[in-house]
Amino acid sequence: MNLLQSLLNLPEPLMGAIGALLITLGMLPVAAMLVLWERIFLGKLTQRPGPNRVGPRGLLQTIADALKLLTKEDFTPKDADRILFFLAPLIFIVPSFLVFAVVPFGHFGGTHGPVLIADLRTGIFFMVAVFSLHTVGILMAGWASNNKYSLLGGIRGVAQAISYELPLIFSFLGILILSGSMSTVDIIKAQGGGLHNWFFLAQPVAFLVYLACSVAEVNRVPFDIPEAESELVSGFNTEYSGMRFAMFFLAEYVSLFATAAIATIVFLGGWLAPFPEPAVITGSTLGYFFWSAGWFLLKVFTLVTLAMWVRGTLPRLRADQLMDFAWKFLVPVVLVNLFVTGLLALWGRWAVAGGLWLALLLWALYGQSRAAKAERRQVVY
Amino acid sequence: MDVLTRAFQGAKAIAEGLATTFKHVTRSQVTIGYPEVRSELPAAFRGMPGLPPDKSGNTTCIGCLACARVCPPQCIFITTSKGEDRKLRIDDFIVDANLCIMCGLCEEVCPVTSKEDKTDYPGRAIQLTHLYEMSAYCHEDLVFHLPQLIAIGQEFGRQKSKDLPGQPRTACYSRLAVHVKELTRG
Amino acid sequence: MPELVEVRTEGMVLNMGPQHPSTHGVLRLLLRLDGEVIKSCTPVIGYLHRGMEKLAEHRTYVQYPAIIDRFEYLTAMFTGVLYAMCAERIAGIEVPPRAIWMRTLMLELNRIASHLFWLGTYLLDLGANGLLFYAMRDRELILNLFEEVCGARLLYSYACVGGVRFDNPPSFERHVREFLKIFLDRIRDYESIVTENPVFLERVQEVGCYSPELALQYAVSGPPLRSTGIRKDLRKDQPYLAYDQVDFAVPIGTKGDTLDRYLLRMAEMRESLKIVEQCLDRLPDGNIRVKLPNVVKIPAGEAYLALESPRGEVGAYMVANGTDKCYRLKLRCPSFNHVQFLPVILLGERISDVMAIFGSLDVILPEVDR
Amino acid sequence: MSTELSLTGTLLAKAVKEHELPLGEVRADAAGSPIYEVSPDQLRAVGCQLRDRLGLHYLSCLTTLEWPERWEMVYHLYDLARKGNLILKASIPKEQAVFPTVTDIWPAANWYERECYDMFGVTFEGHPQLCRILLSDDWQSFPLRKDHPMDLEGGY
């Protein structure tokens, strides 16, 4: 935004408002595209065509769906808590958009600065704090609907969010040690110089933990217990229809995009290309903008597709197993990771050492797993 | 170490599963885009019963009521009258497609056979045809009378599908759908 | 001294179904919950009651095989064959060998189709939707085979008293062999997605365990019984059709949990493939049905025959009285017992496991309600 | 029509004979399984004996037959060891329509008996929860009775 700011020379609050507008308007088509892509991709995974009726090759399917949802009757159950019922989708949707305030979508090259609305010094902290807000929306929706399935979904949503918030934040701490800053821009800059400097290599464990937690944060398979449709019909949003359901739906995809964006920033080098960038591109302002934004979006898109791919493959965990997984596995793992990172940071050779640490771990485990292989249960003939 | 072993094994199994699902991305689609593309029907397909006409366009039914008697949901109703030449005439032949379960017992018991092959179903007066699209807005539209049944038999009879093995028959379907609709409405 | 106050908590009554995404047709479970833990469960059935037994008394032996398919539409071959076998046994009708082998072949193909349907929907119950499409894709292959022979994909009305109604078209054998060739690979695909998946294992291991004694008391049959380690398979115990002439094994489980039931069904599909192959190799030529009069009359008598359907022991108790309709037909269906068994094994489980356990019993509601 | 006992049927009949249970003459059904008549008073006692001494824990089927002048209960017991069915029959006059329950002997009988009540109106003494099962609670008639109309005229 720095470049634009110097060009337009507007007061900062106004620039912020313009940025908010841009994000809100920009995210709507992105979410629509993600919905469509998910359906196409899941279709491909299962040898189906996916949506193919509306528009050329089904490309307008989400628009048709959105129109349908908007024109549907907006239904409020009898005895619902009307105020909370009305507020819940709003509270659910706002944080997903708010996260993008600190997401740098690209860079203008040279000294022009990155493309983002606010370069907060506490960028990562802001993201996590804001992102955990939508749990309130889930609980409100679950409570206000006056439906037992919704209530169970709401309770599960809160329990899940509380459990997964912790390893999620802890998985960032190692990165903060390495980058020495909480600002999203600084974190990306710390990863400059090529693929080998990206933090997912230095912090592989944290990266995997983050991926698991982020899937849990956005309530997707295998962690979609708040809305598990084979158990709770549709969980916390069972009673929502029309526009308000559309808001939940939209927020979920925006959140998915947001978590992928965070992962890109923190672990995959944000807008940076995986190799040292040629000076021709870094020199041109507009050229570098498209180049960097392209890399950023490509990475985000890959992560989002990964989440969709997992959805097409894995079953869902049970609520208590989910908590077990978070508290008894993820939290200790990130703590150990944090400890090791701290030690390595002291030694200063984290990149090499990180790789060795991972290789050693994998090798030890591979030997173990081969030994344990024979224990699989079989039927008796 | 047990936890980590399990974690590793789990990750490996998940990766295998993901690989398997991803393998399918490259495979060809199995879905058939139904209204435009139709699956090939086997010759034995059991669809809506019809009355394939003879060369003069009349039904070959002799009014013995065997089909009406054997029909499990009892959806065949035949009215006959004796004409002046003392021959049995079929006044109306009703198949209520709301009730029909397409079991094919009617064509099995039909005594009318073709001269060449006594076991050949395509010689029967009532035959299950290859018509399977019979949506309608009300139950009455699905009560088929003699002229409609003859039309169905003519368009979709098995004899016909024998001549055209495995041909998608999109053109005839839409034509007949309109045809049958007109007859049903009228 | 502070007074101890008992905190009174209230149980929650949850009506699961009949409108619920995963109650396998229309079952209603009245659950009394404490948090997510089930304190009591009352199944309410009958939403799909169609009076199959009353219909049997009002339809002739020729008509009813077409109707009995609706009794259990995922394994329509079994019920049709069962009805025909009962009538044949009472009347002493000898079925031609070709019909016997054809019936065996069809039953085993139908078993695979039914297990595939179970596999897909069960994984859907657990929240994975990818496998559903793979399972359905391969079930389609079997349905195509059925369609080729009898012209219908779901409700075959294939068996009739005295044999089978449709002979194989010439291409049938080749198509079945093609199916056999690819299907083993497909099973390996499913297993690579499911069997070792840690999420799946978490969901099914040690879930829904019950003892063999309990299962016997409630007359549980089929894979749910065999998973506890009791080798009760009517194909071996009371061989019917051509099962005494084919070579196959009856796998059993060890723990009686949901994982065992999954493993059993996968193993059973493999065994069924073996049987299908043997049937194809040994399919004799000849008539497919005995010539019976137009009005089939069965002399007075009674018989209870049972087949090992994919879900368990499906039995028919037929009382004939010398007319062309049976005097009474009682259909014994495994799912009825399994739904009755459900409250016993659901006690103390979690609401997330209701579908994991219920699904593993492979209940189908039309069969319960008849 | 076979009225001979099958091989497993003979084995079962032999076992029953050895234990000297108060059962009538053995008959065979078309499938070759032994059928025993038992009086309703002794039904529960015989059931316990069969279960405990012969090991017939598995009640595979239970149903009611309506004959012109009597109700007949039919119990199909499966013997897992001998792999055969044993059929137990008990009759009462038409106007009485009360049988002793066997739910506590074979828990599987619970729903079977409810179904018999639902369909025939036969009641079971001592049944824990004898209410409608397949039909709705406010249903009046007993549809499987022979005098119940089979209405074919209705609409769709």
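Every chain is named by a letter (A, B, C and D) in the order it is written, and numbering of its residues begins at 1.
Basically, a residue touches a chain if its C-beta (ideal position, glycine included) is under 8 Å from a C-beta of that chain, and two chains touch if they have at least 3 such contacts.
What you are looking at is a predicted structure, and each value in this text was computed from that prediction instead of being measured.
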item: Chain at the geometric heart of the assembly (C-alpha centres); value: C
item: B-C or A-B - the one linked by more C-beta pairs in contact; value: B-C
item: Whole-Å gap separating chain B and chain D, where each centre is the average of the chain's CA atoms; value: 43
item: Rounded Å distance between chain A and chain D, as computed from the means of their C-alpha atoms; value: 62
item: Approximate Å spacing (C-alpha centroids) for the pair chain A, chain B; value: 51
item: Separation of chain B from chain C, taking each centre as the mean of its C-alpha atoms, in whole Å; value: 27
item: Residues of chain C engaged with two or more neighbouring chains; value: 130, 134, 137, 193, 196-197, 199
item: Residues of chain B whose C-beta touches two or more other chains; value: 9, 12, 14, 17, 20-21, 24, 30
item: List of chain C residues in touch with chain B within their complex; value: 59-60, 62-64, 66-67, 130, 134, 137, 140, 147-152, 155, 157, 165-166, 169, 189, 192-194, 196-199, 294
item: Residues of chain C touching chain A in the complex; value: 12, 14, 20-22, 36, 123-130, 132-134, 137, 193, 195-197, 199-200, 202-203, 229, 249-255, 259-260, 263-264, 267, 350-356
item: Contacting residues of chain A [partner chain B, same complex]; value: 44-49, 52, 309-310, 312-314, 329, 361-362, 364-366, 368-369, 372
item: Contacting residues of chain B [partner chain A, same complex]; value: 1, 3-5, 7-9, 12, 14, 17-18, 20-22, 24-25, 27-31, 33
item: In the complex with chain C, residue positions of chain B that touch it; value: 6, 9-10, 12-14, 16-17, 19-21, 23-24, 30, 42-46, 66, 70-73, 101-105, 108-109, 128
